[in-house]
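Two complexes come next, and they have one chain in common, chain A, joined by chain B in the first and chain C in the second.
Entry: the complex of A and B
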C-alpha cells in the first residue's frame, strides 16, 4: 500500500468530477474528463506496486537480484501497467475526438458555454 | 471439446472489422462497391455465427483461446472467446439486424457521396463488430475494450450529420457521458484484477468464490453505473434520447435495437457469470433502477413531440422492464428477460425504421406537423402498427409471450415490481397509441408538399422485421425450446458457463420455463393495460400535460453538466448501496 498515491488518485479524480459537473466551458469539461482518466492511470500504477519490487523486466536484473527471483514474482504487476498503457492510448484517442467535437460546436454555435448548447431537452 | 468450429469465433468479429477498414478506401473508388463489400462482411459474420448455432443451442459452450494461449493450472493469461447460447443470441441479432439496417441505408442515405458513405459504413461495421465481440468475449478487460470500440463508433455515428448543430450537441453529450461510463467500467476491471489477479470470467468467478472482497462490490457498483449508461437506465440516460433524435434513421435503429443491449449484456454477465459468488444486493439495486427507468422512460415518451425522441424514451422504459426482469433472477424471469431482449431488438428496430421512413419521405420529425399518413403511406402504417402492437403485447405478436413470462415470474413474491411494470406498460401503450394517432390517423387538411417513394431496401426491412415479430409471437414453444431457454441457461447456470470459459469447452443446462398461451390472467393484464393506455392516450391528446409530467420533463434540462451530475450521483449511490448492505 502506498497511501500517498491512492490519495493523489482520489484527489485528481475528485478535481476532474468537480470540473465536469460545475464548469460550463466545453473545453474545461474535456479537461475534467482527462483529469479523471489521469486519476485512473495513477490508481492502476499504484495497484501494480509491490513492496521492494523492481520493474517487470526480466533481462539484465538490477544488482543484488537474480533472474530467478524476478521470475518468481518480486516485480511490479505487469498486467496492470499494460492496462494503464492501453488506457493512455484510448484516452488520447477519445480526447482527440472530444476536442474535434468541441471545435465543431464552437464553429456552429459561436459559443463554448454548455448552457448555449442545449436545444435538445425535455 | 470444441474442436475446429470454435476457431471460427474470432473470424465472426474479424469479418466486419476487415469490412470497416476496406469501406473508406473503396468509398473513394465507387460508392456502390462500399455497400456491397460491407454487406458481404456482415453476412459472412452472420453466417459464421449461424454455422455454430446448432451446436451452441444444443447446450455446448464453444471456447477458443485466442492465439492458442491455453489456461494453465486454472489461470489464463490470454484472451478467451466463448460462444454460449446467451452471447450467441446477442451476437446473431447484432450481425443479422446490422445487415438489414445496412441494406436499408442504401434506400435512405443512398445519395451520400463516396467519402461520406465510406466513413459511415466503416463506423457502422465497427459498432456491429464491437457488439458481436463483446457478446463472445470471456475476458473482463476485453469486454471493456469492445465497450470502448462501440463507444468511439457511436460518437462518430451520432455526429454523422456534422453540418447540423443538433447532431453536434447530441454527439458531445453522448461523448461526455459514455466516456465517464467507460472510465467506470475501466476502474471496475482494474479493481477486480488487482484483487484477484484474474481477467478470465471463469477465473474471476473461481477466485471470488474462494476469497470474496469488499472491493468487488465497489467494482460491481461501477459496472452498474458504466453499463447502465450504455443501457440508458435512469439516472444515466441523459445522452440516449438526444443521440437517437440527431442520428440518421438506420443509426437510431442500430442504437436502440442493439447498442443499448450491450449495457444489458455487460450487467447480466457481471451479475450472473463473473461476480455471482460475491455480488451483494445488486439484484435489489437493479430492481429499483429498472423500476424507475421503466416509469420515467414511459412517462417521458408520453410527453414527446419528436417521433424518434418518443421512441428513444420508450427504449429507456423497455430497458427498465428488462432490468426488473433480470433483478428477479429466477429461471422463468431470466427466460422472459432474454425473450424480451430479442423481441425488443426486433420491434424497436422496426419502429425506428418506420420513423426513419417517415422522416425520409416527408422531411418532418414532429408529430404535431404530421397527420393522415395512413392514407399516404399505408405500408409504413401497417409496419408501425405491428411494432406498436408488439410492444403493447397484443397476441399473436412477440411482446405477448415475453411480457407474459415476465409478469408470470413476478406474480406472488414481487407484487411491487409487478405493479410498477403494469403501470409502465399502460404508459407505454398510451405513448405509442398517441404517436400512432397523431402521425397516421389524425385528419390533416392540407396536403404534403413533397412525399418521396419508399426504397426497395425499406420494404425488405419492413417485411423481415415485422415477419420476425409475428413468428416469435406465434411459435413460442419452438423459440423457447431451441433459442431462449438455452440462452437464459447461461445466466441461470452461470457457474457452468464460467467453468467452461476456463476450460476447453463445456455444457450449459437450459433454463426451465414454460409459456401458456391461454393463461386468462395474462390476457386480463394485457387487455387491462391496453384499455387503460388507450384511455390515457385519448385524455393526453385532448388535455394539456399534467403537472407531474412537466416536472419530470424539467429535470431533463439538456445541460451536459446536469446529466453528468445525475450519472455521478447514480454511481455513488450504487457503490454505497452495494458496499453498505
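Entry: the complex of A and C
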C-alpha cells in the first residue's frame, strides 16, 4: 500500500522533470527543480514508515507502554527522517543560490526567457 | 482500507494537485503559492507518516522561506520585464501564453522516467519489513547515550553529527554564494589611482546615479500633491485616517497590530522548538522561524525597525560566530573525549532543558547559523541593485554588450 506513496513521489518528480524540460521561464525552471526536491522528501519519509508505526519519539509513549518498549517496538525509521530533515534546509539554500543567479541573468539579458540566454551558442 | 490510508491518500492528492498547479499556472506568483500549497500538503503527509521533526522543518520552509525567496526574486525580475514592456514590447512572450518547448519529447521522457522510477521503487523495502539495524540502534541508543527522548535529534546532532556538520557548511557556502552573486559592482580602488584617471571621459558615458533623481522626483511629486514630503519618524506616528497611501515605509495599522500580536507567539514557538531539545524540533526549523519573525517586522514596520539587526556588519558576524560555535562544540570532543563530535558535555537528567549534552549545544549553534544565514540570503536578494547592462543606442536590450556587466 505504501507503493501509492512511492508512485506519488515518482509522479511529483516527473512533473518537475516536465517543467524543467518544457518551460522557458527561468523562475519556472527553478520551481521544477524545487518539485523534484520535494519528491525526494516524500520518498524518504514514505520509506521510513512501517505498518502501524508511531513517530520515533520516546517522549510520552502511548498509554500502556514504557520508553524502552517503544524503543524496541514499532516506530518509523529515525535515520531516514534525519536525512530528509537536513535535505529540506539545504534545499532552501540551494534554491536561493539558483534564484540569485536567475535574477542576475534577467538583469543582464533583460529577459527571463531561457531562449534569449544563449551567448555560448555564438 | 483504514483511516490511516485514507488520510495518507488525501495528503498525497493534495501534494500532487499542488505540483500540477505549479506546472500549470502561468502567473508566476500564483505558481509560488501553489508551491507553498505543495509544502503544506507535504507537512500534513509527514505528520500522518509519523515524522514530526521533518514536518516542523517543512512547514516553516514551505510557508515562509521558499515563497519569500521566490516572490523577492520574481519582484526583482518583474522590474526588468516592465522596462522591456516600455522599450521593446516583448511582454507578450513573458506574460501571455506561456511558451512551451519540446512538449512531446518532454512528455515521453517524463513518462519514461516515471515508469522507470515506479519499477525501481517496487524493489524498495515496504511498510511490512523490519527496521534496519542502524534505525534500531538509534532508537535504543538515544536514552542511554544522550539522555534524550528524541532519537531523530540524537541522529542529527549526535550519531550523524559529522554529516550535519558538512551540511551546515554547505549552507554557509550557499549563503556566501548568494552574497557574492547579489553584491553590487564595486569601484576598483587602491592601485594607482586608475579609478580617477579616466573620470572625465567616464562622466560622458555614465548616466547620472539612478537613485537620487528618482528620489527627488518622488519628493517633488509629494509636495505638488500637498502631502507631507517626509515620512514620519515611526509608522505609529502616522495619524489614523490619514489619506492613503501612508507616507511611512510600513503597512497599515491593522497589519501592524496583527504583527504585534503574532510576533511574540512566533518567537516563543521558535525558541520552544530549540530549547525543548527532548521533543521534536531543533535548530533547523527554529532558525527558519526566526527568519519569519524578522520578515514580519520588516514587512509591517518598514526597514527602519530592523535596521539595527539586519545589517551586513551585524549579521555576517553572527553567522560566523554560529559557524565558529559549531566547530568549537564538535572539535572540543577531540581533546576531551578522544574523537571529533563526541559528547563531552555531562548528561543531565532526561526531559530537562539541558538533557542531551552536546546535542543541545549543537542545536543552539545551528539555530544561530541557520537563522542568520537565511536572513542574510533573503535580505541580499531584497537589496540587489539593478546592475544590468546599459542600453544600446537604439534602445534595445543588448545581446552583445555583456562586456560591461
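Criterion: the second predicted complex is superposed on the first by the 116 of 122 C-alpha atoms of A that agree within 3 Å, B and C clash if a C-alpha of one lies under 4 Å from a C-alpha of the other, contacts with A are read in each partner's own complex, and residues count from 1 in each chain.
Here, a contact is a pair of C-beta atoms (placed from the backbone, for glycine too) under 8 Å apart; a residue touches a chain by one contact, two chains touch by 3 or more.
Because the structure is a prediction, the values reported are computed rather than measured.
In the superposed model, A:17 lies in contact with both chain B and chain C. Judged by the touch definition given at the top, the superposed model places A:119 against both chain B and chain C.
In the superposition on chain A, contact of A:5 is made with chain C only, not with chain B.
In the overlay built on the shared chain, the residue A:86 is in contact with chain B and with chain C.
Using the contact criterion defined above for the overlaid structures, shared-chain residue A:108 touches chain B and also reaches chain C. When both complexes are overlaid on chain A, the residue A:40 reaches chain B alone and has no touch with chain C. Between chain B and chain C, C contacts the larger number of chain A residues.
In the superposition on chain A, A:72 makes contact with chain C only, not with chain B. Looking at chain A, you'll find residues 17, 21-24, 43, 47-48, 77, 79-80, 86, 90, 93-94, 97, 101-102, 104, 108-109, 115, 119 touch chain B in one structure and chain C in the other. Interface residues of chain C facing chain A in the complex, by the touch rule stated above, are 4-5, 8-9, 12, 15-16, 19-20, 22-23, 28, 31-32, 35, 38-39, 42, 45-46, 49-54, 57-58, 61, 65-66, 69-70, 72-74, 76-77, 80-81, 83-84, 90, 93-94, 98-103, 105-107, 109-111, 113-114, 117-118, 121-122, 124-129, 131-132, 134-136, 138-140, 142-143, 149-152, 154-156, 160, 163-164, 167, 170-171, 174-175, 177-178, 181-182, 278-280, 282, 284, 288, 351, 370, 373-374, 377-378, 380-381, 384, 386-389, 397, 399, 402, 405.
Only residues 141, 145, 148, 151-152, 155-156, 159, 162, 165-166, 168-173, 175-176, 179-180, 182-183, 186-187, 189-191, 193-194, 199, 241-242, 245-246, 303, 553-554, 556-561, 564-565, 568 of chain B touch chain A when the two sit together in their complex. Contact residues of chain A toward chain C in the complex are 1-19, 21-25, 27-28, 30-32, 34-35, 38, 41-43, 45-59, 67-68, 71-72, 75-82, 84-86, 88-97, 99-104, 106-113, 115-116, 119. Within the complex formed with chain B, the chain A residues making contact are 17, 20-24, 26, 29, 33, 36-37, 40, 43-44, 47-48, 77, 79-80, 83, 86-87, 90, 93-94, 97-98, 101-102, 104-105, 108-109, 114-115, 117-122.
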